[in-house]
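Report on the structure given below.
Residue numbering begins at 1 within each chain, and the chains themselves are lettered A, B, C and D in the order written.
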Amino acid sequence: MHKGRMEAFSDGVIAILITIMVLEFKVPSEPTPAALCAMAPVFLGYVLSFVFIGIYWNNHHHMLQAVDKVNGGILWANQHLLFWLSLVPFVTAWMGHSGWAPFPVACYGVVLLGAGSAYAILSLLLIRHHGKDSVLAKAVGRSGKEIFSVAAYSSAIALAFVDTRLSGTLYVTVAVVWLVPDRRIERALAEQ
Amino acid sequence: MHKGRMEAFSDGVIAILITIMVLEFKVPSEPTPAALCAMAPVFLGYVLSFVFIGIYWNNHHHMLQAVDKVNGGILWANQHLLFWLSLVPFVTAWMGHSGWAPFPVACYGVVLLGAGSAYAILSLLLIRHHGKDSVLAKAVGRSGKEIFSVAAYSSAIALAFVDTRLSGTLYVTVAVVWLVPDRRIERALAEQ
Amino acid sequence: MHKGRMEAFSDGVIAILITIMVLEFKVPSEPTPAALCAMAPVFLGYVLSFVFIGIYWNNHHHMLQAVDKVNGGILWANQHLLFWLSLVPFVTAWMGHSGWAPFPVACYGVVLLGAGSAYAILSLLLIRHHGKDSVLAKAVGRSGKEIFSVAAYSSAIALAFVDTRLSGTLYVTVAVVWLVPDRRIERALAEQ
Amino acid sequence: MHKGRMEAFSDGVIAILITIMVLEFKVPSEPTPAALCAMAPVFLGYVLSFVFIGIYWNNHHHMLQAVDKVNGGILWANQHLLFWLSLVPFVTAWMGHSGWAPFPVACYGVVLLGAGSAYAILSLLLIRHHGKDSVLAKAVGRSGKEIFSVAAYSSAIALAFVDTRLSGTLYVTVAVVWLVPDRRIERALAEQ
């Protein structure tokens, strides 16, 4: 089975998700700087989620470049990842409109944790399908980024009920850590 | 006529449908667990429809892999399928926001029945276009899944007026039955 | 310049347009057949526009199959067509929500007339770019469908102020006339 | 790394942005010409933004035709451009619904300035990646259009607080200057 249509479908869904988040910017009723400033929490959430979804697209892009073939299980693991990503616009909007209240901030972390787990499952299935000695396995096998992210998301969920600024800082930290595309795969492909 | 652009257009429409359903999640006014729990019926409908549209994409993907060429009639049969699928977000939202009331639950079944029929018509036209001895004909020819689905949808529509939980159970059952991608086509392609 | 990305971009825009129209189906507040029936004017408009946009996609698809190359002017003529098509969801929703009132029904005709003219301009530019003896020129050169459509749209705009059912009938008639994909191009390609 | 998926993703995002702007056309409550006329400021903003996003798509299309390969930094520069473009529907709607009030008109200029700068950064990174003697470098290297645009946007932002019609005129002027696709690249490709 070819990976082409799975790539195209994922690109489509991710492109739509990243774009419809902007529909949550309700037009302010007053044409003033104050009205714009009142949107700051919504805007900050938007920027964060735009970066996160961009990271997913980027890493998904990189990972699938090292992939040759897919099967039914992989298609569904990919669908599972898209499901979690599809919840990002909702939790982003809720977090923003509530002014980063504790519970929505924790929910944001739950969705990111779900997406991160779904990504891990997808990469495990891809590695199993390509064999332990494949380029993909070598590339994805050695990293602590995933473990760090899971720990950070879990902490952020708990810390949201202490101080949401701590959670926000953790979300930004994870984003920064991932911003660099997966050099491991580029390196593994180059070493080949 | 090449199948490429029909595939691309269908992928686009299905990707948008699966994504805009999330726009029906209205941001709760309170940042509390209770407000999130109040969304449970909407969320359940979303998960169900996400899985259903995912199944259609997956099987559409599989079926078109066994297809060589299309014609004008097939393009319109495909458009007909997309029409029924385009109604899924509406009935999903209505079912959810009404708290799974009988009439919207029945309407949900009508739309699924319409989509299922449209899919059957599309596969019949594709088989007629490729001949009785084609890979596609052999692959699609032997299955009771379609008949089971039609029976289940019809029952679910009627049972919605008795107890909507029965309808819900039937919808979930059909989804589970279809979750496995069409092994018949994979097998027929492999036997070739 | 390759036509590939223009095709892909047009497919994307048309897929989104045909899909976001469904967002105009506001979830009825009552879960009753009466509430669904009250949506009939909106639904009829949706079906009509779904068919019209499907026709444009289909014919656009056919026309570009006979095309080899594009230039800057053609890209903008295509953009002009997409502009008119982008207004279809708005006039469809207005027509529907107003219960097919005269002025919105006339506006619907104006948008269809604009889209039709834009399509004609695009095909003229494509023919000029490919030469009078090209497959495209022969294929598109001989037809009265365009002239009929322009006459029907113009009449429908005027008749909307007499009886909107006359306009509706004319819109449906044009849709039926165009439903058959452009056999001329298929024939010209086959004759080649 | 291939440029294909970056092109496809950008096309997807841009197609969605140009299309969802139409969702800002709220259906008028009255089916009258007066109700339509009241939408004139919203409609004018829509036309302007449709043309601007069309220009970005067109020039992005042209620039990437002269590109062979991309890297992680270029992917993020592209993402940065898409971020600014994603804000266009919001500022367009705000400008329109406020009746072109000074502050939203200035914000519109800020977003265009951001998008213009992001485009410039993207082209600089692409040139650095392809070398000073590449087709791309020669093609993009000689032009005053970018400098003119930056000056015009900056002036429009300031002048919004004097008279928004001056800003509007400047926006239209920039659009007209860019409407012609980038002949420099076409010429450079032809000279090759």
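What we mean here is this: a residue touches a chain if its C-beta (ideal position, glycine included) is under 8 Å from a C-beta of that chain, and two chains touch if they have at least 3 such contacts.
Keep in mind it's a predicted model, so treat the numbers as computed, not measured.
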TODO: Could you say what rotation angle superposes subunit A on its sequence twin subunit D, using C-alpha positions and rounding to the nearest 5°?
DONE: 90
Open item on the list: For the two copies subunit B and subunit A, is the contact made of the same residues on each side, with over half of the numbers shared, or of different residues?
Closed with: different
TODO: Mind checking the centre-to-centre distance between subunit B and subunit C? Centres are C-alpha means, answer in whole Å.
DONE: 27
Open item on the list: Distance between subunit A and subunit C based on Cα centroids, please, to the nearest Å.
Closed with: 38
Open item on the list: Multi-chain contacts only, two chains or more: what residues does subunit A have there?
Closed with: 8, 12, 16, 20, 23
Open item on the list: Please classify the inter-chain touch graph. Allowed labels: line, ring, star, complete, other.
Closed with: ring
- [ ] Check the chains against each other and report every pair that touches.
- [x] A-B, A-D, B-C, C-D
- [ ] Using the touch rule from the top, collect the residues of subunit B that touch subunit A in their complex.
- [x] 7-8, 11-12, 14-16, 18-20, 22-23, 25, 27-28, 31-33, 36, 47, 50, 54, 57-58, 61, 65, 179-181, 183, 186
- [ ] Give every residue of subunit D touching subunit A within the complex, in rising order.
- [x] 1-2, 5, 8-9, 12-13, 16-17, 20, 23-24, 72, 75-76, 79, 82-83, 86-87, 89-90, 93-94, 97-98, 101-104, 107
